[in-house]
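Lettered A, B, C, D, E and F in written order, each chain numbered from 1.
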Amino acid sequence: MYDDYEFLKVEPGADRVLRITMNRPEKLNASGEVGHGEQGRIWREFDDDPDMNVALITGAGRAFSAGGDIDAGNGPAGVDTRDGRALVRNMIACRKPIVSAINGVAVGGGLAIALLADISIASERAILMDGHIKLGLVAGDHAALVWPLAIGMARSKYHLLLCDRIDGKEAAEIGLVGKCVPHEELMPTANDIAVRLARGPQFAIQATKAALNDWYLHNIAIFEHSLYMEAHSMTLPDADVGIAAVRSKSEPEFPGAVGSHRY
Amino acid sequence: MYDDYEFLKVEPGADRVLRITMNRPEKLNASGEVGHGEQGRIWREFDDDPDMNVALITGAGRAFSAGGDIDAGNGPAGVDTRDGRALVRNMIACRKPIVSAINGVAVGGGLAIALLADISIASERAILMDGHIKLGLVAGDHAALVWPLAIGMARSKYHLLLCDRIDGKEAAEIGLVGKCVPHEELMPTANDIAVRLARGPQFAIQATKAALNDWYLHNIAIFEHSLYMEAHSMTLPDADVGIAAVRSKSEPEFPGAVGSHRY
Amino acid sequence: MYDDYEFLKVEPGADRVLRITMNRPEKLNASGEVGHGEQGRIWREFDDDPDMNVALITGAGRAFSAGGDIDAGNGPAGVDTRDGRALVRNMIACRKPIVSAINGVAVGGGLAIALLADISIASERAILMDGHIKLGLVAGDHAALVWPLAIGMARSKYHLLLCDRIDGKEAAEIGLVGKCVPHEELMPTANDIAVRLARGPQFAIQATKAALNDWYLHNIAIFEHSLYMEAHSMTLPDADVGIAAVRSKSEPEFPGAVGSHRY
Amino acid sequence: MYDDYEFLKVEPGADRVLRITMNRPEKLNASGEVGHGEQGRIWREFDDDPDMNVALITGAGRAFSAGGDIDAGNGPAGVDTRDGRALVRNMIACRKPIVSAINGVAVGGGLAIALLADISIASERAILMDGHIKLGLVAGDHAALVWPLAIGMARSKYHLLLCDRIDGKEAAEIGLVGKCVPHEELMPTANDIAVRLARGPQFAIQATKAALNDWYLHNIAIFEHSLYMEAHSMTLPDADVGIAAVRSKSEPEFPGAVGSHRY
Amino acid sequence: MYDDYEFLKVEPGADRVLRITMNRPEKLNASGEVGHGEQGRIWREFDDDPDMNVALITGAGRAFSAGGDIDAGNGPAGVDTRDGRALVRNMIACRKPIVSAINGVAVGGGLAIALLADISIASERAILMDGHIKLGLVAGDHAALVWPLAIGMARSKYHLLLCDRIDGKEAAEIGLVGKCVPHEELMPTANDIAVRLARGPQFAIQATKAALNDWYLHNIAIFEHSLYMEAHSMTLPDADVGIAAVRSKSEPEFPGAVGSHRY
Amino acid sequence: MYDDYEFLKVEPGADRVLRITMNRPEKLNASGEVGHGEQGRIWREFDDDPDMNVALITGAGRAFSAGGDIDAGNGPAGVDTRDGRALVRNMIACRKPIVSAINGVAVGGGLAIALLADISIASERAILMDGHIKLGLVAGDHAALVWPLAIGMARSKYHLLLCDRIDGKEAAEIGLVGKCVPHEELMPTANDIAVRLARGPQFAIQATKAALNDWYLHNIAIFEHSLYMEAHSMTLPDADVGIAAVRSKSEPEFPGAVGSHRY
């Protein structure tokens, strides 16, 4: 099992914890097409593995994951959308608990993994940012479904529309993650939690997760709505301008700021 | 456009920000029948205006809005209910982002505008209070829909049933508004956000708002339930007593405290 | 009325406040079969009582309620499940406001009462813990319905899966309860609120509660899902091990940690 | 038990079937204030009765129930609304199965009982009509919740807005009731079903009903929305005109046909 | 009012019925960019018109509407999507009742209007077909929201996936429309209903519609999900092939039949 | 692929149709533990197969599937419940269309497959019956989720509580299946539809299915509620009696008919 991963380092433990590392540190663990696909399908393989009880995911180096690869993209729009959908759907459908150890920057699809984990532990060095609007894109992968039920609507709109950075400490204070710890305690804490869960009563744990996730499923079309609007936004001129501006670290002049009635 | 407003001062900006001021400072911007109607219909006109991207609403003088006019009312119950419904429905249906700068007291319908805005910025001098129960009325205009998804159920019931005042700082801490700033920074901050949004990628911004607002629409009958119970409560004796007590600043003796089984 | 209670002390007040005390202090007000049944049916009797407007519930001695009776249980699984369902359904369906004064430990079914109350006031000595997972059981009585809408999903999963204790102060900070006060102020504060509500406009108060509770009813099957998964978990081996470990204060070795695929 | 009913004849059977007859045949079993209250509270008493498994309700004489008493009304608006709410809420919350034998005209609140029953059997002589719009009132007691999930939206709007009569045969063909039988077979058929259910596995039967009723609870605010709009419509001039026209069997001229924008 | 329509003929009647005719009979009332825009915005103007109570829409000539213009399209994808969204959202949000007289072929956006009307009357010559799949497109404008609640899931999937034609008689039998009448009775019947509604109690009628439409709003993201998937499908190769095949009346060979895993 | 099936015969076609046959004709294709597991997992393997577009499932011999194996059961309760959950969840989550050809008796889990298929075609010889109540069990596998949205609530309760048989013709008339055909046309018709879908635009087909299935996901906890109540009912005495009675073809005397208040 797990023999078909390149972006992800996947390590099944004797303690029934599956340790997963996004492993492209030179790119801040940005995914690209291959990595994005792996981010979606790993959860089904984990779910089917009779020997693993808990997954623990983190990023190699100083980032958790910078999201899509700003240079290479996540593949053509169809593939990107399909894989983003798989990521969200499969993390929610996964019966077993997932722990994220957010060790640094978590953006876009990386942030989706960080926050769709059942237990999210952030380092004080963690930086969380949805970032879609900056790129001229709709916040389409997890936020519309996950944020209002974590930090409330007022904060969700504030942060998603303005794309301010949220550090680990603030993320814990507003309830976006379960806990924030000093950086050096991140991996021990997350590991401890994963091991503890792995020793626990698995049906009770999985079932408690399942009941809580009903809240997501009862509103799943909100995610889908946002996802396919994001796909739509990739075909509009603002996306080109936004992506170029992020690449060049310049200020974008969105054509869609004039004549928004055209869309 | 915008030539038919009396209570609202409406100023379209070259920066694509529509600046709206509730402008009856001698009455703490309490609405009355005319103003309440304007509070409901402005959002559709704004939404249809091809030149405006963002609305920024605040109150003239030291209040945001004291809600309905305690002396004159908001018109007959039918009109009041219709206009309150339009206010809530139209702010939610408006595709474009709305920013509220809560400069002082925000009560009743005024509070509904403050909190249905997509980005709510409160001054440290802001005072938020639903206030319906004090008047012997059901909290009927926005709270049952908006508060649980902003600050959670426990806090919503606590504040809505007890009508304690929430100042701007606490409102930000519990997530009822996006941010609280010192009073002198309120308008610059809110203006800055509005201008920033107006320069952004409009489809991406509007679409992100739309996906988040699905949460409201998926539960819209909760608002309607509360609205028409409020209309019903206007026909019961407690309302007369409550309104009289607020006018005379005396302690009400609600007849409905005895024999609540009659309703 | 109220002449058929043994576990609960029920005192109707001339001030229209029904004071209810869980009264088995030698067992930390753990319920047992009789008490669990009473915890479910009291709310309908209260709702039907034309003379009472508000219920105020607390625990005798130093605990609020330790939940089920770890030695005697809450009766056979069928009875326990039926009564747990009645507790949650009836508290939600009750038109009148309920105030809880959480004076100490609140666990399991005791916690359900504490948090399904409309106004929850915690002492600084309060300790809130769901605790089901520790027993090898699914968190099945109220948490899956109530917690995400109170403190958000991230915190809900963190606390429900890990069963950490939450003290009164933290509970108020994260929005699990409405307010935390010093221990000696608990009963005066809760009493004050109950009396104030009892003097208020009852239709307005009941109707505001009803609209807010629509959020629960719109998702009521989530509660049911969790409840009957808990009943199912009582038939699995982890429950025996978990309950034995809590009794003996030893570390459980859950058989379900290995081979979770069997369920 | 059951000693406090006047409008309803309530007969507990040794076969565990509670036979209930709306018994005011000279008024086509129109309820009036007393009867309407009984229609709401009987279901809780039945639910609490350890000896009864199934309720079977029909009308004395040639009608099932003509609904509210067009002459005397169902009491003041507050009482009428409260009791209508109890009727719908309590029939849905009742764990035990209810069978209706629709022997003739079923209108308004009578129709609500006919269709909120779990098994509805219509005689070929049955006439079903919501009838609210004819009276100038909102279709507020059960239809908005029940009809779309029984016969679909297109038919629901067609029949509710136009108030055409539906006979028993058509009601069965479109799925508004479970079955239509020749008049002389009505009571034997309904009785047979009630007895059969009373001999069945009660938990399985009650639980199957409960799961199906989740569909209603997940949308319960739709009912509440309609109910309180009906209460609101009672305060508008169209109601007076509509009720007068039905009494005098003349054609109404609704003032609300002109200037509907006033509400 | 109504002075800005080209595709639609709009005739306000002294009987408070607004008669609307899709008027491009030489193209079977296919919309094109201009017409599609008008199909979306007419409902808001109607809703705001204090003199009109009911809208009655039909098609000129022998078709109701063939949907989008297969040759010219409905404008660029962004515009098409925006206008399709307006059509659905505005028909649902419109407080006043809309009657459709389906006189012939109703496909795509034309079918959306036919079925989102509150009262749909079909001629025996009516042909209803969603048709999206034939074009290689997702059934994105109204069907996913409207059909399951009209004719049930099994029939919805059958007809939407297979694109079989449904004639007026079958449409009435399965509940997709309210009624089917012989062709020569179509306009008299529909007109009669419109006039009857226009003379009715408008608040009661509008409010009954509003409560029923809560079912749509509670699930509105399902529509949005389908709409933006349709927009996405327009960017995929199957759409070109499907549209070309319909134009040339040949059998399409969809590239997406092979390698569907690419999307 | 597909090399691990015993109960199911799985035949991938060059026409991209995966033909699946429940193949234990001597037991009327009753599943048993092995078969029940296969009925749950086949859909994920099919979904992951890049070469198959459509699944077509039928039964060998004269039955579709008699459901669980009345003699051997479907394995211990935990396994049975887990597999029943997988069956429902995986058929709904499967992106690709599934066609069922209901050639004879379809009961219990067999009926779940028949009706969770996207296109259900019944032979005139088909017999559909939920059957749970007859066994003393809660109707727990698909019916509470699927039936109300197919045939409406009145018919769902009628058939699920009374367990009458529905033949193929009636099933089509009430909308429980998409179509009924003469027995000899069943396989040609179903095959034709499967092949036609397999040649179609796969993204458009899959996406249309996905949007429609949002209706199920938005209410998925209703299924879970019913499923775990069924598991609970397996622990109650009625189940033993009911199963024994079906085995012996005698009339059961359910102990739960007396004292239903115990559960």
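As a convention for this text, contacts are C-beta pairs under 8 Å (C-beta built on N, C-alpha and C of every residue); 3 or more make two chains touch, one makes a residue touch a chain.
All values reported here derive from a predicted model rather than from experimental measurement.
Each step here moves to a touching chain, and the least such steps from chain A to chain F number 1. Any chain touching chain D that also touches chain F appears here: C, E. Distances between chain centres, each the mean of the C-alpha atoms, put E farthest from chain C.
Taking the CA centroid of chain D as reference, the farthest chain centroid is that of A.
Interface of chain B with chain C: the two copies contact each other largely through different residue positions, with under half of all numbers used appearing on both sides.
Averaged C-alpha coordinates give centres for chain B and chain F that are 50 Å from one another.
Once the centre of each chain is set as its mean CA position, chain B and chain D turn out to be 38 Å apart. Look at where the CA atoms of chain C average out and do the same for chain D: the two points lie 35 Å apart. Under the contact definition stated at the top, the residues of chain E that touch 2 or more other chains are 78, 151-152, 203, 210-211, 214, 218-219, 221-222, 224-225, 229, 232, 236, 263. Every pair of chains meeting the contact definition is listed here: A-B, A-C, A-E, A-F, B-C, B-D, B-E, C-D, C-F, D-E, D-F, E-F. Per the touch definition, chain D reaches chain C in the complex via residues 44, 78, 89, 93, 203, 210-211, 214, 217-221, 224. Of all residues in chain B, those touching chain D in their complex are 77-79, 81-82, 219, 221-222, 224-225, 228-229, 231-232, 235-236, 262-263.
Interface residues of chain F facing chain D in the complex, by the touch rule stated above, are 132-133, 136-140, 143-144, 147-148, 151-158, 160-162, 174, 219, 221-222, 225-226, 229-230, 232-233, 236, 238-239, 241-242, 252-254, 256-261, 263.
Across the complex, chain A is touched by residues 16, 50, 53, 96-97, 115, 118-120, 146, 149-152, 175-179, 193, 196-212, 214-215, 218 of chain B.
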